[in-house]
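Heads up, there are several structures right after this.
Below, chain A partners chain B and then partners chain C, in two separate complexes.
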Partner chain A sequence: MVNEKQLREEVKKIVSRDDVKYVIGYEKGTYGFQVSPSFAFTPEEADKFIFSPLCVNNLAVYLMLEEKPPLHKNEKEDTRKIGLIVKGCDSRAVVQIIQEKGMKREDVILIGVACPGIIDPKKIKARFPPQMKNVDVREEDEKIVLTINGTTHNIPKDEIIFEKCKHCEKPNPVLYDLLIGEEVKGTKKEDYKDIKAFEKKSLKEKWEYWEKQFERCIRCYACRDICPMCYCKNCTADQLSPQWIRRSVNLSENTAWNIMRAYHLAGRCTGCGECERACPMGIPLTKLNKKIEKDVKEMFDYMPGMDAEKKPLLAMFKPEDPEEFIL
Partner chain B sequence: MDELILPENKMSELINGIIAKYQVFAPVEEDGITLFKQIRDFSEINMKFSNSMVPPKGLLFKQTETLFKFTLGKTGEIDPIGFPEEKRVIFGIRPCDAKSLDILDPVFKGDYNDPYYLTNRENTILVGLSCNKPGVNCFCTSFNNGPASAENVDILLTDIAGKYYVEVKSDKGKQLTESMKKLFTPAKKEDRKKKKEVEKKAIDAIIRHMNVNGIADKLDKIFDDIFWKRTAMKCLGCGICTYLCPTCHCFDIQDENTLTNGARVRVWDSCMYPEYTLQASGYNPRAERMNRVRNRVYHKYSYYPKNYDMTACVGCGRCIDNCPANIDIIYIINKAKEIQ
Partner chain C sequence: MNEKFEPNIVGFLCNWCSYAGADLAGTSRIKYPPNIKVIRVMCSGRVNPLFVVNALQQGADGVLIGSCHPGECHYEQGNYLARRRFAVLKKILEYMGIDPGRVRMTWVSAAEGKKFADVVKKVTEDVREIGPMQHFKRRNKW
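For the complex of A and B:
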């Protein structure tokens, strides 16, 4: 359980430093269960910061969205650090980006929070009628305690948190400058049960399943834009010459996009599940990501974003690497 | 025009009767997502839907529209492919989405007429369904519209417990009800009263309101305010808000071909993408997210009102419901009004 008061005090100290530009955290959203990303430029702004099992966003994406407009004459580059609140999977995204040299370790101050498991917005919306008022949420033992309009609900965690959180092996940040509260016991195991069951289906069944999913895609690219790992300056999907993926929205182009996105995250995806959460069309992208994650783990014994000093998977070579998939 | 009553148990007969004569599009739920799709039987409709994820504007202004086909080379030819002739009915369109089509009309009609949109519009009958349970982010009442408003449809159905109150608003609508006369009975005074009650209940259930009074003038004064930069910081730059918006109408035109043949296609575009304003020189007049987020707001609440005398927002709440970063247009506009 994160002490919010302590969190705010620490953020205030950090944001007051001369070498810090701002700190990215969470604040109450504009309605109901919603939580919003929040940017504190001053200590006063840190008073809004919260942390609860509703804090779903992987804020690491905002490090990569930091815009650097061209400098005016004699203007110096702003090299101040950015502070960031990270849960387990978020911290792994940061580590993976550092491994890939997408950013430097010293450019960021990581404020770690042990993750209690995050509430799945779809599950909570299905269970409680939508409402305007913000909701008080606490974590107690293995329960989520929600207070809605004065009524308290005790819900077993597993009924309301994300599926991916139920199997999360790394709820504690793997890299941080300071940790708010205590680490939690990471006793869960990813058994890839759903993936293994899906692998058993015939090729035809699998193809039909994904056709149905990709048919719905409207190519809003929310899956890409919310992903901390999708930080290419010029995405293949946007290129015009050559045009790898056509602008027409149909099954063929949608499939090309979705497969490309998934493959581009091989050995890089840290499983935060933000792509699937953002997708307005309900495409189960985690299923694709998890399959590749499982393959990478089995073949190369690699888990993305675990050690900032190590090379990323695709930059490594070991003589004993399996190669039976090379034709 | 006419005010009629349709007993609930006659609904399937009505719909299947319409299907016999028209292409019918209605809300269908699949994998938890409700979309307007062509149906072949009443049973496919999800009558309990709140609203569709993608607005029905996509049935008239398609996400991908093939304008014409061509073959390449010296003997290259153009195949104009023509326009769809089918008569269509959109069943279950909500009053907010119906209004959005009236907002889109002046874009596609005027100095230049867009035959693709206009043919679809002409061939489509809108059979609306009042919204008895507005969502948490619905705010249609902020735009002189309402969850049971029959202003922008050909026919409006309102569920008044056990039966539907039917308001026929146009000749197109009348044609449809006349052809299935035997299903309806004339509405009585108490039915009208019941509709008013249902409507009032729905209006009272709308809890969020946008203060749009004088917003266009206000926006003129705060263009350079730091507010836009700060608001845009959490924007991810995806296309959800624009693609799910019933009034957004920007498009791109592309030639998609192989070595021998191809097609010119029109596809939705989004002002949230950096590429949207990228010029051939490499210069981008809306280089930062702040420029793009601000433009979305200004287009809806300042430029559009100035050009067409109407706000390009119907208060459907889709952009708020689906933004993964909680960018909330009601909050933005109400906050903008407070800026000194």
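For the complex of A and C:
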């Protein structure tokens, strides 16, 4: 359980520093179960910061979304740091970006919070009617306590948190400058049960499944925009010359886009599951990302976002890499 | 259809080894199936997985990537990096229900004209068995 008072105190301390531009955290959303990202430029703004199992966003994406307009003459670049509240998977995303030299370690201040497991908005929507007033959420042992309009609901964690959180191996931040609260004891193990079951199906069945999924894709690129790892300045999907993926929405282009999106995240995806949450059509993108994660672990014994000093997976090699597929 | 299905195979061959190997196969007059359409690239590390997906989209039934033997790459490590890339790509394709036999990789040195011919023969037969690529082929042509 994260002490919010302590969190705010620490954020205030950090924001008042001269070398810090702002701190990114969470605040209460407009309605019921919503929590929205919040930016604190002054110590007063840090007062609204919260942390609860409803804090679903991966804030690492904002580090790379920041626009840097061209400088005027004699203008100096703003090199102040950015503070960031990170959960387990968010911190891995930050580590991965640092690994790829997308940004420097000294440019960020990471405020780590041990992640209790995050509530899936879809599951909560199915269970409770929409609320106008903000809902109070607490975490107690293996239960989540929701207080809606004065009534308390005790819900076992496994029923309401994300599927990915049920098997999360790294609930604690990998990299942080200061940790709020105590580390969670991570005893969960990722067994990739669903993936293994799906792999056993025949090629035809697999394609029939994915065909149905990709046909629904509307190519809004929400999955790309929300992904902390998708920070290329020129995305292949937007590129016109050469145009590798056409803009038309049909099965062929959708499949090509989804293969490329998944492939681009090979050995980089930290499994935060934001793409699936952002997808308006409900395409199970985690199923694809997890599969690659599993293969990469098996083939190359590599886990993305664990060590900022290491080289990224596809930028290095070992002479003894698997090559049974080579003729 | 009584006609035998003739697969369309796109070959990305590296300039220094496989392309020279293919050249040797030609100059030594070794017969191999004409189904392969060769695109010369400077290194197998140049082959972006996007090329492969795009080839499959545009009507290729199979893709062959040819590179130097490990340790013999002109750019020292290009073929090692390519090996990693295509190991991952093949897994993704298989998971999506596209036969991974459509994407093949091979080591062919400049002196292995015979090997190149054998590889092309094998790939052509394999792809012929798998059948035409229908999964996500582009329908509209303009």
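For this structure, a couple of remarks:
Rule of thumb we're sticking to: the second predicted complex is superposed on the first by the 324 of 327 C-alpha atoms of A that agree within 3 Å, B and C clash if a C-alpha of one lies under 4 Å from a C-alpha of the other, contacts with A are read in each partner's own complex, and residues count from 1 in each chain.
By our rule, a residue touches a chain if its C-beta (ideal position, glycine included) is under 8 Å from a C-beta of that chain, and two chains touch if they have at least 3 such contacts.
On a predicted model such as this, the values are computed, not experimentally measured, just so you know.
In the superposition on chain A, contact is made by A:Ile326 with chain C only, not with chain B.
Using the contact criterion defined above for the overlaid structures, shared-chain residue A:Gly267 touches chain C, although it does not reach chain B. Once the two complexes are overlaid on the shared chain, A:Glu67 sits against chain B while remaining clear of chain C.
In the superposed model, A:Pro156 makes contact with neither chain B nor chain C. In the superposition on chain A, contact is made by A:Asn250 with both chain B and chain C. Residue contacts after overlaying the shared chain place A:Leu203 against chain C, while chain B stays out of touching range.
Residue overlap on chain A between the chain B contacts of one complex and the chain C contacts of the other covers 248, 250.
Interface of chain A with chain B (complex): residues 29-32, 34-39, 57, 61-62, 65, 67, 69, 122, 130-132, 212-213, 216, 218-222, 224-226, 238, 246-250, 274, 277-278, 280-282. Within the complex formed with chain A, the chain B residues making contact are 31-33, 35, 53-54, 63-64, 135-137, 207-208, 230, 233-234, 236-240, 243-244, 252, 254, 256, 265, 267-268, 270, 273, 275, 287-289, 320, 322, 324-326, 328, 330-331. By the touch criterion given at the top, residues 49-50, 53-54, 57, 70-71, 77, 80-81, 83-100, 104-107, 119, 122-123, 135-140 of chain C touch chain A in their complex. Chain A contributes residues 198-199, 203-211, 236, 244, 248, 250-253, 255-256, 259-260, 262-263, 266-267, 288, 291-292, 295-296, 299-300, 313-315, 317, 319, 321-323, 325-327 to its touches with chain C in the complex.
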